[in-house]
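Given below, in the form of structure tokens, are the structures.
Both complexes shown next keep chain A, but they swap its partner, so chain B is in the first and chain C is in the second.
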Partner chain A sequence: MTDPRISVISERLKEVNRVIAVSSGKGGVGKSLVASTLALTLAKKGFKVGLFDLDFTSPSTHTILGIRGIQPKEDKGIVPPSVHGLKYMSIVYYSGEEATPLRGLDVSNALIELLAITRWSELDFLVLDMPPGIGDATLDLVRLIEKIEFLIVTTPSRLAFETVRKLAGLLKELGVPVVGVVENMKMNLSKTIQQQTRKLDLAYLGAIPYDTKVEQAIGNVNKLLNTVLADKAKNLATKIVSKLCINKP
Partner chain B sequence: MTDPRISVISERLKEVNRVIAVSSGKGGVGKSLVASTLALTLAKKGFKVGLFDLDFTSPSTHTILGIRGIQPKEDKGIVPPSVHGLKYMSIVYYSGEEATPLRGLDVSNALIELLAITRWSELDFLVLDMPPGIGDATLDLVRLIEKIEFLIVTTPSRLAFETVRKLAGLLKELGVPVVGVVENMKMNLSKTIQQQTRKLDLAYLGAIPYDTKVEQAIGNVNKLLNTVLADKAKNLATKIVSKLCINKP
Partner chain C sequence: MHEWALAEAVVAAASQTAEKEGLAEVTEVRVKVGELQQIELDIFEFALSQLKTDRFRNAKFKIEIAKAELKCRACGHDWAFDREKVDENAAEAMHFVPEVAHAYIKCPKCGSPDFAVTEGRGVWLQTVKGVK
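And now, the complex of A and B:
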């Protein structure tokens, strides 16, 4: 493929230090909530942070963050608006909220287009809310974003973790770095996911207990930052940042 | 498209009375568990039932039903094996368990191929475990299976229900019948989903309370049939069957 937009993407992400792709093997594990809270937490620590919702299957970070009526600005590309201390961009600006789904090639084109036109300028972290699973879109994004690193979210469920196994296998095959695995919506003290994660040669970054307050906090960032999820996101942010120090002597 | 396999599909499903596509707006709402339990329950009621796992993003009914080492038989097509009183077929037989994901066109081809080669013979109900969301695969299946009816699974979460809204909108646009909506993993007495479902002009088929026993029952059909999920699946089956009587005077 000789799409000229692809070389534009590298140029657009030149001033972005790290790209953290928050991902999952399947939907419904809390990926978007973890991505949003992690981005907010990194911003609170004083980093320059972007949040980019690329989950075309069900974009939801705008709902989680209560973003309404804010549009990106056009200026030699698209400049993401600042919301809650983050630079924010979503595929929802492109696809809208309609029922009409994007067909395969349209998804690929929409992702390339969005990456090619968005002007992030200087960022310490760009957090991506990825499409779930190991479909075309995930493969496209791995191909398009050279400095991508994955953060994998799972639940304690066996069905969820089996999809993590596949995702981890694919990333290993493609030589893509994985920061580690987060166990979300944990309800007991089982060590199964921790052990299984280590068997995959991946770092276990910790557990986030199930918290009924999170559902009530959707759309309200102040409430969201007072949940157990936000509390655990602080540890997660510390681990991600310290990994930066190790990798960059 | 003049793919000759498409006319073969109608022929293959000629002796199938109703095709119930268990679907969701997003992953992680328990779609596969509901599909599996519903199929088992209908079979226990004495109906001839097939279960067809078409969720190429993360096929899991074989794990839920504890199916191992059973393969479909070749005989002028593929004859699904009988497992736990069901005729069972899964895309997993085709794609295997490897990490390598299917690309868009491959997914479409795999779905057409599977539908065209599988010999269900006479069935009262064919339950489909659908791919989540409103992507290409869902559109393909609506186009390929004339008598498809949707059963939509959601959780009480606002994020899950917003994707139901999109799915329902798409199905309305396409003129596809919807049996109704099931609210899974319910943890309180909120009537929000019930009200929102009615606003969409869809039938609310009931709630399934969250039950920690379900996770332990994965892979063991006897345990699965002793969960609250299975208990509620009986009501669900009754509603689906009675709808059959209304529609067929």
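And now, the complex of A and C:
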């Protein structure tokens, strides 16, 4: 027996130019904030952007973007609604505020189901907010999405960077492209992460300083776009666009 | 209406199998659908009939619905999924993403949400028969 849903995933993503998985080796590095702000920034630049929250057990991008009370449309599948200029998809449309404890096989099944039934239409970028680590979601996405590229988020902590090394090593082994590494919540002028990133033969895409205003901006996109995080996300978006050789619309 | 999306997946997978096995014409496709998926069978069958390519013009799609069986990982209790015992909104959510069952269903014996769907989940292409 074969799972037919897998056969249709590439068809669903055929009009998506680039799929960028915002990932990290460890949780708590600000991955969802970076993914959300990057997606908003790319949309502000005039690109067609989708944001897909793949952290099924702990989704948070809907909270960051203040999304409530909307549902996808049904049209021979599900069509993600447009919110803040993004096509936005998350399991919270279906799980609501309930805790959704999922084991590995359930994560894989939910991922395959949503990739098979979601109609993204034409996008320049589909930004994926990944769960942390190198577990089922990472392995499944590498298997299921041929055009996937990773953007790795770390903090200045050696603890976070040690896990980046593992993630980068795995992606290298699997032949998956890495757009680069972003150093989030930076609090000093240390160049350690920059140097270590280059030792891994990866591009260091810049640092985002620790910004106390971000917490107050959660749930309010206008405030979020006025944070230092958003300001740095503009540079990040510019670097990503030029690195991916995508022409501005 | 996400039955259409699943029907597209079945036709795509059956086409790939037919191609691999060198079938010029497909006569029968057997599909197993888990009960937890709660598909509208009429819509699914209609979508399959509309999505048929030339190779499938005389093909019969035989669909089997597999009853959903659940097993608690905490206490080992086995039970059958009962649509009537699930709230309407929860059932609607599970129709799209069956895994959200873990948000709405608990073990009737011990109350744990940590259960396995041992049968009756997903969509499976069982066999593709035809002539070479």
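Convention: the second predicted complex is superposed on the first by the 239 of 249 C-alpha atoms of A that agree within 3 Å, B and C clash if a C-alpha of one lies under 4 Å from a C-alpha of the other, contacts with A are read in each partner's own complex, and residues count from 1 in each chain.
FYI, a residue touches a chain if its C-beta (ideal position, glycine included) is under 8 Å from a C-beta of that chain, and two chains touch if they have at least 3 such contacts.
A quick note: this is a predicted structure, and the numbers were derived from the prediction, not measured.
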Review point. Which holds for A:N109: it touches chain B only (first), chain C only (second), both, or neither?
Key: second
Practice item. Classify the contacts of A:Y94 with the two partner chains as first (chain B alone), second (chain C alone), both, or neither. Key: second
Check your understanding: Does the superposition put A:V29 against chain B (first), chain C (second), both, or neither?
Key -> first
Practice item. For A:I193, select first, second, both or neither according to whether it touches chain B, chain C, the two together, or no partner. Key: neither
Review point. Counting only touches as set out at the top, which of chain B and chain C does A:V8 meet: first, second, both, neither?
Key: second
Review point. Between chain B and chain C, which makes contact with more of the residues in chain A?
Key: B
Revision key, fill the gap. Check: chain A residues flagged as touching chain B and also chain C 98-103
Revision key, fill the gap. Within their complex, chain B touches chain A through residues 25-29, 32, 57-58, 60, 63-64, 97-105, 132-136, 138-139, 155-160, 162-163, 166-167, 169-170, 173, 187, 212, 215, 218
Point to revise | Residue ranges of chain A in contact with chain C within the complex | key: 1-8, 11, 56, 74-78, 91, 93-96, 98-103, 106-107, 109-110, 113-114, 116-117, 119
Study note, to complete from the structure: chain A partner, complex, touching residues on chain C are 1-2, 4-6, 8-10, 12-14, 16-17, 31-32, 47, 93-94, 96-100, 102-104, 113-114, 116-117, 121-126
